[in-house]
Amino acid sequence: MANTQRPWCGREVVVADEREAGLGRAREGDEQARALAERLHDPARVLALSDGVFAIIITLLVLEIHVPELTPGHSLNQALAEVRPSLVAFVISFILAGMYWVAHRDLFALIRRTDRGLVWLNILYLLPLCLLPFAAGLLGRYDQEPVALRIYGLLLVVIAVMRVAIWLYATNRPHLLWQRLDDRQRRAGLALNLYPGLVYLLGFLVAKTAPGVSLLIYGVMPVLYFLSITVLRGSRKRNQEYADFT
Amino acid sequence: MANTQRPWCGREVVVADEREAGLGRAREGDEQARALAERLHDPARVLALSDGVFAIIITLLVLEIHVPELTPGHSLNQALAEVRPSLVAFVISFILAGMYWVAHRDLFALIRRTDRGLVWLNILYLLPLCLLPFAAGLLGRYDQEPVALRIYGLLLVVIAVMRVAIWLYATNRPHLLWQRLDDRQRRAGLALNLYPGLVYLLGFLVAKTAPGVSLLIYGVMPVLYFLSITVLRGSRKRNQEYADFT
Amino acid sequence: MANTQRPWCGREVVVADEREAGLGRAREGDEQARALAERLHDPARVLALSDGVFAIIITLLVLEIHVPELTPGHSLNQALAEVRPSLVAFVISFILAGMYWVAHRDLFALIRRTDRGLVWLNILYLLPLCLLPFAAGLLGRYDQEPVALRIYGLLLVVIAVMRVAIWLYATNRPHLLWQRLDDRQRRAGLALNLYPGLVYLLGFLVAKTAPGVSLLIYGVMPVLYFLSITVLRGSRKRNQEYADFT
Amino acid sequence: MANTQRPWCGREVVVADEREAGLGRAREGDEQARALAERLHDPARVLALSDGVFAIIITLLVLEIHVPELTPGHSLNQALAEVRPSLVAFVISFILAGMYWVAHRDLFALIRRTDRGLVWLNILYLLPLCLLPFAAGLLGRYDQEPVALRIYGLLLVVIAVMRVAIWLYATNRPHLLWQRLDDRQRRAGLALNLYPGLVYLLGFLVAKTAPGVSLLIYGVMPVLYFLSITVLRGSRKRNQEYADFT
């Protein structure tokens, strides 16, 4: 590059070239090691695996909606009423998975490199996520049953715990990020990751005494989420660090 | 770049460098904020998720074709006759999903950036799409039943509504596009997105009184689509804005 | 670029700049139209969808292997014997899908741009491919039944026909290719795409009279394929155009 | 480039341009052949297919966890106890698939080009991997049955054999790698790929006499793996070649 920028400095260029050639052999191993490290830390395949898993989860959810038995004279309303619990579980789970994917995309927009810890935390985050179709199937079949509601809530709490773990791990390691986050930004992101977990914990806790309230909490959560995003975005000017993650 | 292009202007270059270094520190935060914004608005993962969902939907459709009971002496025709309704529902749904994917690809060829609204509209578009294997399973099992045909048509109408919503949202926001569309192009695209929705609405409405006609409409729609594309492409010279989206 | 390469020609550069600015406004629309055309013809999402479909097909095949009923004292051999027909159908279908994917990858290594025809031919190629898990399930359950073998063979013939159609379509349109193929290369590729189709047609035709031979043909085909690749690669020096596609 | 770097050498540049134009026509065919070869050997689609398969496998595992029959008054513990064997098989298989994916990503970080042999070895590696949901379903249903444990172990051994085959094939062909590995690095990688295979072989062998020990081996393996990684990373300074692959 140097000789492109100062082409009239013929001699300097030659000297620089020689020096670089001299150092080159010594540094070549370092270069290669660094290039390998970059490839090993490239997030591309982590994102490819995660996007694949998210895509499959939201599509597999449909397998839990079973084709109802239709008899001649069955009305549209009757048929829809039969699949209603499954459909409710499908829509809630779909929106939740969508929220998790949006949050995953937002988080990884901050991440430049992945290390082994982050790669494994991401896999361990996908583990409870992959159980979502099972929990949705359970909820679709036993939508009044406290146990089904508790298992569903438990799963959402575990997912939230893993999200918090990834957030803390990644933002604690500035060399993994495109840019260092300051303490306020880290706390803001932590709050955004903790907040749904606490709401789901509430849904889990009330499932035994008030199953209807529990289901309502799971279903209303997305609405709360969209409302809070709208409010936070409205106050974007005052609160830049929240706005970045909504 | 400036010093590469005018290498003889040594002094000017130095001055420029100093000025840039001076401004650099002040502008660095802006730079980083802009780079983060670009990553947050990058459509890459939206497309990865969408392509994954489309790929899974068209492949999951096959799960609704159940292996028939074969007895010795069963002819090929008899076996095919048994799976015929499932196969018809599979082919119709496959071609429809293919049309949706092609339209999605065409739309996102116009889109340079995604914002939170577009990301969520896309997720809410994938939601009814993911119900297609269920509706296809229903149609494959009850291909004469008005209710099955109405649910299938209802789903196609909802998908069409979401397509129109994405089209209006994206083309109304020039900063999300590679290039601004003029009013004629927007209306042309809107028509192309509305048109199948209206046809499916017809299929939904006649399902009760004439189930055969309804099935015919769903099945013939792709043929109409290919014909209209051929006609529109034939008139490409006169009608550039239609041709872009076919 | 011109002023980088000849920085001493100050005046010429300025003149060129002015001319370009003059023409620029007129040409801008063309530029944008060309950029849009490039994005509309970019094969990236066609490959993403196809790779997704191939990945799902080879993984869905496993769903046709049902967990056998095990009783205490069941030996490993007995258990494996029970799933043997399903396992054979799985392995044959997996290897076939692998061959199709390799051929798809080889073909699209030649393709620079996709047009609407190629996009749709690719979707219509994926259609019979997506029926492979169904045909494998049928074959795994009725591996002695002529009808199952005929349906399996019929599907492979349809897939082969679609492969030939894509090959002819793409290689007939040099503007879609990275480089024009000469007639010998086109014929060689056509032969490689036709050849398995003819073998499967044979398997289909003999299924009624000799089911065992038919199954053998489907299973032995991959072996033939690998052998012919080895032979063709051995003669690479003499026959460059074959070697490119094996 | 030459004329950018030495813009004052006008005549030389022109001469060079003429010579290059002269040679250009002769070399153009070679250029195109080399560009085609690069596209044919590009690992991108191999990784896309593999990531897709891994994503689907870990998500399909959930289909083997069946929704339990819940009766009113069923406690959370009873419900969880019913799905416990399936859940254990799910978690073990998920973590194993995660380990395979991490190892696949590490291996392909070394690989610059794929040839036909590597592409097919990769497909033949994915084959036993795709049987994992079947083996997990078997293990979830018959977690005390020696045969189920032996089939599961057998599958893990086959996967390990394929991993070793890919490692030997790729590292033996320096033209496929970003940089040549020395003998110590190759042996270290071989050991890391062999080691789990030997542990699974032990699990397979003891399954008949001590099924509990066998299940323990499959379940404890990931823990051993994480422990050994931690130890190896601790000794990174001394043992660079191990550290690269952990």
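We call the chains A, B, C and D, going by the order they appear; numbering starts again at 1 in every chain.
Rule of thumb we're sticking to: a residue touches a chain if its C-beta (ideal position, glycine included) is under 8 Å from a C-beta of that chain, and two chains touch if they have at least 3 such contacts.
The structure displayed is predicted, hence computed values, not measured ones.
Colleague: Shared numbers divided by all numbers used: is that above or below half for subunit B and subunit C, i.e. same or different?
Modeller: Mostly different residues: under half of the interface numbers shared.
Colleague: On C-alpha atoms only, rotate subunit A onto subunit B and read off the angle in steps of 5 degrees.
Modeller: Superposing the C-alpha atoms of subunit A on subunit B needs a rotation of 90 degrees.
Colleague: For subunit B and subunit C, what's the span in angstrom between their mean Cα positions?
Modeller: 23
Colleague: Centroid from C-alpha atoms only, then distance subunit B to subunit D, rounded to Å. What do you get?
Modeller: 33
Colleague: Could you tell me which residues belong to subunit A and also touch two or more other chains?
Modeller: 4, 7-8, 48, 51-52, 55-56, 60, 63
Colleague: If we count contacts the way the header does, which residues on subunit C are in touch with subunit D in the complex?
Modeller: So the residues of subunit C touching subunit D come out as 4-8, 47-48, 51-52, 54-56, 58-63, 65, 67-68, 70, 72, 74-76, 78-80, 90-91, 94-95, 98, 101-102, 105-106, 109-110, 178-179, 229, 233, 244, 246.
Colleague: Of all residues in subunit C, which touch subunit B in the complex?
Modeller: 3-4, 7-8, 32, 35-36, 39-40, 42, 45, 48-49, 51-53, 55-57, 60, 63, 116, 119-120, 123, 126-127, 130-131, 133-134, 137-138, 141-142, 145, 147-148, 150-151
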